[in-house]
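These notes concern the structure reproduced below.
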Amino acid sequence: MLDLINAGVALLNFIIIPATAYGAQLALGALGATLIYGILRFSHFGHGDNMAFGTMITIGFTNLLLGLGITFGPFPTALLALPFGIIVTALMMLLMDRTVFRFYRRRRAAPVVMTMVSLGVMFIMNFVVRFGIGVDDVLFADGTRFIIAAREFRDWSGLDEALSLRMTQVITVVTAAIAVALLFWFLNRTRTGKSLRAFSDNEDLALLSGINPDRVVMVTWIIVAALTTTAGVLYGLDKSFKAFTYFQLLLPMFAAAVVGGLGNPLGAIAGGFIIAFSEVIVTYAWKKVLTYLLPDALAPAGLVQLLGTDYKFAVSFAILIIVLLFRPTGIFRGKSL
Amino acid sequence: MSTHVQTTGNQSLRTLLLFLGMALLLVWTGWAYNANLALIILNMGLISAVMALGVNLQWGYAGLFNIGVMGFVALGGLGAVLTAMPPTIDAWQAGGLRIVIGLFIGGATIVIAVMTYQRLPTGPRRGLITTAIVLVGYALFRFVYVPGTQAVEAVNPSSTGYLGGLGLPVVLSWPVGALMAAAVAWVIGKITLGLRSDYLAIATLGIAEIILAVMKNEDWLSRGVKNVNGIPRPVPYELDLQNSPEFVAAAANLGMNAVTASTVFVRLNYSLMFAAVVIVLLVLAQLALNSPWGRMMRAIRDNENAAGAMGKDVKKRHLQIFVIGSGLCGLAGAMMATMDGQLVMSSYQPLRFTFLIWVMVIVGGSGNNFGAVLGGMLVWWLWVMVEPISQQLVGYITAAMPEGWLRGRLTDVAPHTRLFLMGLLLLLVLRFSPRGLLPEK
Amino acid sequence: MIVVHDLHKHFGGFRAVNGASLRIETGSITGLIGPNGAGKTTLFNVIAGRLPPTSGRVEMDGEDITGLPPHELFHKGLLRTFQIAHEFSSMTVRENLMMVPGGQSGETLWNAWFQRTRIRDEERALRQKADEVLEFLTISHLADEKAANISGGQKKLLELGRTMMVDAKIVFLDEVGAGVNRTLLNTIGDAIVRLNRERGYTFCVIEHDMDFIGRLCDPVIVMAEGQVLAQGSADQIMQNEAVIEAYLGTGLKNKVVSA
Amino acid sequence: QEDIKLGVSIGFTGPLESIAPAMSSAVDLAVAEANAAGFLGGSSVSVVTGDSTCIDAAAATATAERLISAEGVKGIIGGMCSGETIAQLQNVALPNGVVMISPSATSPALSTVEDNGLFFRTAPSDARQGEVMTEILTDRGFTTVAVTYTNNDYGKGLADSFAAAFTAAGGTVTINAPHDDGKADYSAEVASLASAGGEVLVIAGYIDQGGGGILRNAIDTAAFDIFEFPDGMVSVALEERFAGEITGSFGQNPSAQGDGRDAFIAMAEAAGFDGSEAFAAESYDAAALIILAMAAAGSSDPAVYKEHVMTVANAPGEPILPGEIAKALEIIAGGGDVDYVGASAVELIGPGESAGSYREVEFADGAMNVVNWR
Amino acid sequence: MTFLNASAMRGGYGRGADILNGATISVEKGQIGVVVGPNGAGKSTAMKAIFGMLALREGSVTLDGADITALSPQDRVAQGMGFVPQTHNIFTSMTVEENLEMGAFLRRDDIRPTLEQVYTLFPILGTKRRQHAGELSGGQRQQVAVGRALMTQPKLLMLDEPTAGVSPIVMDELFDRIIEIARSGITILMVEQNARQALEIADIGYVLVQGANAYTGSGAELMADPDVRRTFLGG
């Protein structure tokens, strides 16, 4: 019995909780990417760096707040600073749109041209972030880090296995759930939301319906800014802030958005979890769990691992490809430009 | 009609002028910095042009969004290692046979599993039997294969620890690398070419990551992340030239010192070889583009359904062009490994070998072969030259600046202004010619 | 001869084609009419290999062609046009036509590289053929225009033109007339009759213009709700009560007068 | 009297961009000292930097090419990562006959690479560190460990040499798994490591890369209680970010008993950068070696002074610590012999690489304490 | 005072040659104007020009006396113009009902009655209201497109070949409805290839050839002209 609990706790601690939290992190990031793709019709390669930018600004405001002696009790102060971060990021994105993207949109440039343009934006944001905050790791989490701390849990429960649950993990999951629900409601039920979808579907006809394209674009960027900054800040709180890592987040985020079905918020969420869970589960070494579950005589000598963690990225991509083979436009049948 | 002729006339003039401009840039680099630098940029630019041609075939001709370029380039590099490096006899003796048999078992398992799956009637029994075959096969494969790899990797791990290659002349690796990439592309294409746009993109990216993961972790193949150095060269070594009295004398005749002359000579050799490859490819690509074949490809790109209804086998054509384009990337990869004399797995980064290549194609003008070549050369030049240029820029700016926070920040991030400048130039080029420097007609 | 046996095509729960059985006799110009959403286009799509059927069978000259891909059907002589024009937008109008014929030797890379003269001759012939078709469709002046830049009706003409580039056995025309000027449509009608008589093309024509159908088609098949509702000569069909109620209506004039 | 240029070719951008600035500053420090002292009849030394990107061999080659042929540098401090270093060496430095001293490339492959006497490194080969680590672990009585390494030539080489040494010494490695740097999440790796088990987790990675991510995750989930840190991990960043949570853990990095390191760190602090940052000390030493070798040779010609690198680096002679470059130049000018010790206890062996003496550190009371030298 | 007056329009696409060569089109309030002509005559181009989707080099457009030549399309929507383009006239990824709602985007009042009206006019749309418009048949799409424009409740309704591809019964309904709409004071301008039916209900008809007016007259006059009949109406 105890063994069973131990095995369960081990699974929870090493697989379920981390993968859920990571999945939610990816999903939040993917939501922004999928929205840009869905409405503005291109894959934005600067997305990761925009995330870094939003986080950087939020860190700045956090420091300001802390300097003023304001904290958020058990929660990270950064959450208080988040709205400011979002506002500045939104302004930055609107500026980028005005100076860069609008030109191509008006000329009806092909999506791939927009994507290449976004690479240019990525390089520039890359610099802006490094200029603003440098290349180093920045820790900006405060408040209560753990809801359940591993060692305390072990002492308290008397189990062999530990269980940890971080505040940021819970916040991320909750935020992701709220964000996707809001977004879904917004896009499918509100007038503005529908006008966004109409614009993404057929720009000319949207004009003929009296939809103001500039407003659509503005609203989109503002929502994206909110999602992006939130995603970046939550990720940074959970791990730490480092400019380079945010760039690296780009690919898994895109993978999540694609496998879920581009343009579909539910897809982004599903995709995030698929990527996260496949990374963690397929390369898991089952030795520990099996040792608990099986009688001692049968306890495995090897690691009981399907593939080494060397292949974790490859495996998650392999799963992604398999999913796409059955659903060529993602789980929720996304757009395809 | 007359306007049509005129625009093509303008187009060729534009092409000519832009290539001339590119040549001038290189000459300027040679003059302002150094001839060797110009040649190094030229050489890598030519290699980039080959990759860009490959991507342009896939995207510009057929609308296939392949962002797995990096994987095929790496395969080309593997081709260079497998062709040109000397075989490691000890390693072969230690476990070569086991690996070969193991791989054979693995392959057979897949074939048998697929065949059983196809033969058996649908039902739970089918799934069970196939799974059983796969599991047994996999276990057998691991049983034979893993000890083999371990034995091979244990042979002098710091300098060999792999099976080595065939010890053939390295130039042979160019077709070999191309063929390897093409063969892998064929398999991949069979599986993924049903996908469209960004879905295909992410699938190809995933496959590139898988290829890379295999090459990084199967040390017996090409030393994984431990890198292979000293791939034999198709051109003389500078030191040999410097030690050869004839060469020194000849250099002196030209008024050059032996060191410079030797390096320039070696680079020039590469340049000529690469240029020959690019020219041949360009001619072939142009002939293809302007033939009924090219027309058919454009039709498929424009509207797959209609092309299918007009009797064109869309799948087959997609596969064909995917294989050829990827083969070109493999070729470029082999050329690059040849020039570098090494295979360094950590250098295969998506930013460098996929996105940059895409930038080349788009900046050059997708659908236009000359554009791809020009884009390849120009973007590579930028990639290298923005570094010193940006440093100088920051130098000027900060010099004029009073001491203070901003100046401190600027000097701190000086190396990163490279990216800023790259981004800025990219945006400028695309602003003034949004369809690329040499747009498709 | 095309024979369709009990064909079904379902989209989710919706039965777009719901057990249609019909034959198109060799040498006929068969009309296919029916209300919007009757399943005509879907039927075409299944026959022409664009959509897999849910169930049922399609035969062509006794051979089972169910589910064959469109390009294979093309080579068997089965051609179709699209209701919503599917032009190759970045190619010129002439190229749109020249790409059609199958088995062009220039379509293999080897020949494209090493058989330049052969290709040149072939191309010359193709070009001439394409120009004839353009002449016929009254759009010669657009030969070098990008297909994206021609008018809606002209795109329809181009759709038709493509079927004229090869010797087809059977041609499925999906509302080529919609959006085409009536005078020109009459000319097109004449051409269809001529192709039918002189070259032995079989036609299956979807059209909502009853004048056109009446002038050209025999027999006429009426579809409604995914099934065949009636079949007969054009005159018979126009008298058929069920057809009038489901499709033709009582006509505009009476209402205008009564209004 | 000439203006001698030295090149610095390290990865200012790319995955190791965060440790590059300190390395570069360390070079500047040494150069400033030499300029203040004056040598070769009043020549001045200036530094030209180039971005080697650490991972892109082609870009690194172009950078080295520019440094050598366009800027005319007489020696290069670099490259940074082993792969890129080999590319620069073979494609540019060797043909052009320019000396390269790498402060940080540690791959064993560099010991045997053909270099025409032009290549040196102030970092030891990873083969040595594996042995040192084994000693430390066995001395502390640990017999089963799990190993994770950063998936590049450095990590792999180090992990392999350690695994070999540790197994030979009777220990068990439960798992030897790579992790890729710059990934968003390391749950999968930690899950597998935890499942494999072991008394200690060896993290052969970089603190500000995957190594840090693995450590964070492993602490949070209590996957391991004790960690062993090789050189890529031991740094100020480790102390600042983790010291309170890793009591009882330990590690080692190249460094020698003596005042060299402390002196250097103090100098660095005065100069406004962090001297304990990975490979900063080695960078300082690399620059110092080139300068001293030039002085000893009386020439800035690489073909001449390459012969003097080993002599100034090794005994016999007067030991030289950081900050004593002026003194060393004086001795050399006076015809004396120096034995450069520097910030990382330079002792070049074999083909011109650091012999590798290591300090052992341990974490207690929220701080990193040096407990031993090996 | 004519309600819509587009006079002497000259212009084309981008930098290409002029498509419109002085075409003039005007319709009185509450009347039905019909434009016919061969394919490629510039009928659609004229409609787009009137709607501001094409820059005119010469000529002007006035609506209800006000010069709107410089207004953007969305501003013209706000001025009470509604337009059904010939192609790409529905939101394929949105449901039928959402398509109709988009038509009423600028309206602030209760749109449900109009919605019901559209569903009674085109019953098939009612049954498919939750379906994506991209999955509809050609004729059904056309009905959605017209329905969307009706939802706008415009003062001027412009239709580019609204009956292309719709079945006879629906076409009759549609023409009936158009007459009704016109009676309620809404001005209608439409391009038609089903020219005879269209001209029958037209108050004024234009025959456009090569971007210029070839014939103008009431519907009946044009129908009676043998030249027009032969060359443009198919005899």
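A, B, C, D and E are the chain letters, set down in written order, and residue numbers restart from 1 in every chain.
Operating definition for what follows: a residue touches a chain if its C-beta (ideal position, glycine included) is under 8 Å from a C-beta of that chain, and two chains touch if they have at least 3 such contacts.
Computed from a predicted model, the values in this text were never measured in an experiment.
Novice: Common contacts of chain A and chain E?
Specialist: Looking at chain E and chain A together, no chain touches each of them.
Novice: By the touch criterion stated at the start, how many steps lie between chain A and chain C on the shortest route?
Specialist: Graph distance in the chain contact network comes out at 2.
Novice: If you take the mean of the Cα atoms for each chain, which one ends up farthest from chain B?
Specialist: If we average the C-alpha coordinates per chain, E ends up farthest from chain B.
Novice: Averaging each chain's C-alpha atoms to get its centre, pick out the one most distant from chain C.
Specialist: Farthest chain from chain C, going by C-alpha centroids: D.
Novice: For chain D and chain E, let me know how many angstrom lie between their CA-based centres, rounded off.
Specialist: 76
Novice: Whole-Å distance, chain B centre to chain D centre, using C-alpha means?
Specialist: Distance between chain centres: 32 Å.
Novice: Taking the mean of the C-alpha atoms as each chain's centre, how many Å separate chain B from chain C?
Specialist: Spacing between the chain centres: roughly 45 Å.
Novice: Would you kindly tell me how far, in whole Å, the mean C-alpha position of chain D lies from that of chain C?
Specialist: Inter-chain centre distance comes to 74 Å.
Novice: Among all residues of chain A, which ones touch two or more of the remaining chains?
Specialist: Within chain A, the residues that touch at least two other chains are 308, 310, 313.
Novice: Can you name every pair of chains that touch?
Specialist: Here the touching chain pairs work out to A-B, A-D, A-E, B-C, B-D, C-E.
Novice: Would you mind writing out the residues of chain B in touch with chain D in their complex?
Specialist: 32-37, 40-41, 44, 157-159, 216-217, 224-227, 229-230, 237-239, 259-260, 262-263, 266, 336, 339-342, 344-347, 349, 352, 383-384, 387-388, 391, 412, 415-416, 418-419
Novice: Once bound in the complex, which stretches of chain E touch chain A?
Specialist: Chain E reaches chain A through residues 51, 53, 72-74, 77-78, 82-83, 85, 88-94, 98, 101-103, 105-106, 148, 152.
Novice: Under the definition above, what is the set of chain B residues touching chain A in their complex?
Specialist: Going through chain B, the ones touching chain A are 59, 65, 191-192, 194-199, 201-203, 205-207, 209-210, 212-214, 216-217, 350, 355, 358-359, 362-363, 366, 409-410, 412-413, 416-417, 419-420, 422-424, 426-427, 430-431, 434-435.
Novice: State the interface residues of chain D toward chain A in the complex, per the touch definition above.
Specialist: Going through chain D, the ones touching chain A are 15, 17-18, 21, 151, 174-175, 177-180, 182-185, 187-192, 194-197, 208, 212-213, 216-217, 220-223, 237, 241.
Novice: Using the touch rule from the top, collect the residues of chain A that touch chain B in their complex.
Specialist: On the chain A side, the touching residues are 37, 43, 45, 100, 103-104, 107, 109, 112-113, 115-117, 119-124, 126-128, 130-131, 134, 251, 254-255, 258-259, 262, 308, 310-311, 313-314, 317-318, 320-321, 324-325, 328-330, 336-337.
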